[in-house]
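Input: structures, listed below.
The same chain A turns up in both complexes below, where it pairs with chain B and then with chain C.
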Partner chain A sequence: MTSAETGKLALGAVCVLAAASAPFFSDGYWLSIATTAMMYIALSTSWALFSGPTHLIALSTGAFFGIGGYLVGSGMSDYDQGFWTMALIAPLVATVLALLIGLATLRLKGVYFVIFTLGLSEMIRNLVSWVQNNFLGSRGLYVLTDFTEAHIYWMLLTVAAVVFFSGWWVNRSRLGFALRIIGNDEEVARHVGINTAWSKVILFMTTGFFAALVGAIVAPRYSYIEPNVVFSPQLSFLVVIMALLGGVHRLWGPLLGVIPFTLIWEAITISFPASTTLFLGLTFLLIVYLIPNGFVGAFETVTGRIRK
Partner chain B sequence: MDILISGLLLGGTYALMAMGLNLQYGVARIMNLANGEMLVLGGLAAFWLFTTAAVSPLLTAFVVAPLAFAGNWLIYRYLLLPLVRRAKSTGQLEVDSILATFGMSFALVGIMVSIHGEYFTYSYLADPFSILGSTVALNRFIAFLAAAAIGFALYYWLNHTYAGTAVRAVSVSTEAAGLVGINVDKVSAMAFALGGAVTAVGGTLISTFITLDASVGVIFTMKALIIMIMGGVGDIRGAVIAALILGLVETAVATIIDPGLTLASAYVIFLAVLLFRPQGLFGRRSS
Partner chain C sequence: MTPGDTILKVNDLTKRFGGLVAVNGLSFDVQEHEVMGIIGPNGSGKSTTMNLISGALKATSGSIVLEGHDLTPLPPHKIARFGVARTFQLVRILPQLTVIENVVAGAAFAHKPRWGAEAESFAAALLDRLELGDKKDLGIGSLTYIDQKRLELARALAAEPEILLLDEWLAGLNPSELQIGIELIANLRREGRTIILVEHVMDAIRSLCDRCIVMNSGVKIAEGTPADVLSDPDVIRAYLGDD
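Let's turn to the complex of A and B:
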């Protein structure tokens, strides 16, 4: 490890500590926003670990997140399991699902993968509702824990820190290198002997794992779990948009997208609840046409020009 | 038998929207994820004209087609062509067009919600109609006939006219088409516009027997994509057969098991296609 890397790790640790102190300074409204932001930081950063280098727009976050929340709800309500047991099982289930989806779609053209994930959370929601209505009886699922908002915030912060650390680790590993080559030219990657399908599947699995873990941790916030609430297709899009807005070619890029977007999104949902979809659409267009590499990309172009 | 008939009738209308998407992706190379919203717009127009002025949806289709054509042409020319020009590779164009059309799809949903946030409920020709011993709603049958007529016209145009040949040439290779003197940008814009028009008319027809709402578009996009992949990109014949299969399977699942599982059944088909015939029903495996 070089000294520059040690420095980066130390800086990361300082940031985590600073973020961890947030609940001591704020409570109520701002803590709740910070918790939401932390949730999106973990989701967007882990999304970017896979979609950044491969350029494959995964829209599966909502599905994995839903699996996390739903399994926690169903485990605690129907099978008398503890929160921690379920929070451990849920990500594993999601990882296996990601493996299967990856094996089925990532060997083919990228666009098939995108399409497959597009309707995934809606499809799983339909399936889960059907199973619940016909076989389990349509009872609500309660997630009752002693966690306060601050506890959830700290748990999410831990997950986010782990995501960052694994992103940093993957970037300097052979896997990360392989993934960057795949993203630049898959043909070349195959010719130099990279197992392109497996590299993508492994990274996709980590994304699924973290999304379900976040879903499980956030479940106590809802208290009452319904398939219609946790399997939200909109979540997948929010995660994509925040990551792209910040920029996915740097590990800390999504972070820069999440913070402003969460604040604006919060303001819009409160003031103009009917216009959220329109706003989402316009942000997508803004990204594609004006800042294709996100804030980080725009910033780097500007500093690049100044240096010349 | 009932399932067979209504499944085939449903499949006929699905075929129309899949053909639209096929033109847009196969020829203009734009993965248009706002396709479902175009369909819903067609349905919204039918609903709006029927409830305010009692205009028959069949007439509305003649208004919808040129409007959708013009609208989609403008979208291609001013929003998508810059992306085509900017893209360094097909992969980049795919990502850009996916994101841009996501944006359009959300923007359209947002606009439609503000126009009419509830279900587009209206009743047109909902009379029983007997065919081959089973009873279906007349509107389904009429929609099927209209879809079939449009489908045949499109097929004929693509295969037996000069302009259609140019469109097919572009779908095979943009470079080679350019070399033989085809204006690729113009043909692509036309194919995209035509695809949008066909999809919107499909929406007008579907709205006579399926109640749409502003945010249901993505489900139709999904189905159109599954049909297109199952039939093989750029293959109209394959798309029709795939649409009929999807219509049949969905109707069967909805009647026998549960209407809530139609999307899941579409996914099962999709998965089977990806695992066993990713090149499409009639496609040849590329090297």
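Let's turn to the complex of A and C:
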């Protein structure tokens, strides 16, 4: 390991410690916003692990997140399981599902992949609602724990730290390099000896795992879980937009998108609760037109010019 | 270097695209340390043959065997791991990677995989040999056309292939670049590499190939030394027509 890499790890550790102290300085409103931000940091960063290098925009985060929340709710309400058991099972279920989705979508490219993941998420949402309403009693699920907001915040911070560490590890591994080659030219990737299918599936499974884990951890926050709410398609879009806003070609890019977006989003939902979707669409247009490579891309262009 | 044992056996290879038979019952052998040319008019099935060997296309029937391994049913990445490396008819380099990363890409997943510092120094040495050493940390946007061609060749060589497929690697070079390009492949030949090249440049065929096969409409119409096949009446007819 080079000294630069050790430095990066040390910096990461300092950031995690600083973030971990947040609940001691604020509670209530600001802690709640910080918890939401931490949730999106974990989701967007793990989303970018797959979609960043491959340029395959996956709109399935909501489905995996939903599986996490729903399984925790269902397990605790209907089957008398503990939170920790379900929080362990849920990501594993999501990983297996991601494997199946990955195998089914291997040959899809570009917009077909986007539509497929979106359609599939909707299908899972409706399927779970249907099963819940017809066979398991049409009621919501209660997730009652002793966790405070600070506990949830710390758990999410731990997940986010693990996501960052995995991303750092993948980026310096042959797997990460393979993903970058696939994103550049899949035909070349195959011809230099990369098993493109498995490389993509492994990363997709990783994002599925983390999204479900986050969904499981956040479930106690809602207390009352309804499939239609927890399998939120809007969440899939929010994760993509925040990641793109920050920039997906650097590990810390999505982080820079999540923090300002969470604050603005909070203000928007309070002031204009009826027009959030409109705002979401506008933001997406602005990002695509004005900062296609996100804040990180814009920042690097500017510093590149100064250096010249 | 004198050709050694047979390394690649292509037997009765056929590829149909719907009603079109692009390659029709093609058979040939390639010996170790040999440079074999595939020539023929446009649309005669040369590039299809290369794509069948590298796995980009699946054969309809027939077989391709490299050192006892049947490559015919395998996907490209497995074929690459048995030691087949190629360049593409239209140059394909990885645009968002640096020059040296493009070469490491060729080494990292191949049949003799290299990674980390070892891959870096191996790639740097290859780039030096191809006179790209001073550009190794640049993006590929700054490369001229022949440098892009060199880079693609370096990526293929980084795999240390048992057999190297060059699909019109000299196409599109201007006359002075062409001399450099021919000299480069001549060096590879002196090193004893096994190469199949598809080429339209007759000077290159004459000076580089130990042996050629000539294809027309998917069928092999001649095989032998470049001098022999280029004076074969069937070959002249295929290129120039009957009159």
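Simple rule for what comes next: the second predicted complex is superposed on the first by the 304 of 308 C-alpha atoms of A that agree within 3 Å, B and C clash if a C-alpha of one lies under 4 Å from a C-alpha of the other, contacts with A are read in each partner's own complex, and residues count from 1 in each chain.
Here is the rule we use: contacts are C-beta pairs under 8 Å (C-beta built on N, C-alpha and C of every residue); 3 or more make two chains touch, one makes a residue touch a chain.
Not measured: the values here are computed from a predicted model.
Of the two partner chains placed by the overlay, only chain C lies in contact with A:A178; chain B stays clear of it. In the superposed pair of complexes, A:F231 makes contact with neither chain B nor chain C.
By the touch criterion stated above, A:T196 is placed in contact with chain C alone, chain B being left untouched. Legend: residue contacts after superposition of the two complexes on their common chain; A:I57 is shown touching chain B, with no touch to chain C.
Contacts of A:L127 after superposition on the shared chain: chain B is touched, whereas chain C is not. In the superposition on chain A, contact of A:E187 is made with chain C only, not with chain B. Of the two partner chains, chain B is the only one that A:F279 touches; chain C does not reach it.
Contact with chain B, but none with chain C, is seen for A:L244 once the two complexes are overlaid on the shared chain. Comparing chain B with chain C, the partner in contact with more residues of chain A is B.
Chain A makes touch with chain C in their complex at residues 174, 177-178, 180-181, 183-185, 187-196. Looking at the complex, you find that chain C touches chain A at residues 54-56, 75-77, 80-81, 85-86, 88, 92-97, 101, 104-106, 108-111, 113, 115, 155, 159.
Residues 55, 57, 104-105, 108-112, 114-116, 118-119, 122-123, 126-127, 129-130, 133-134, 233, 237, 244, 274-289, 292 of chain A are the ones touching chain B in the complex. Within the complex formed with chain A, the chain B residues making contact are 31, 33, 82-83, 91-92, 94-96, 98-100, 102-111, 113-114, 117, 215, 218-219, 221-222, 225-226, 229, 258, 260-261, 263-264, 266-267, 270-271, 274-275, 278.
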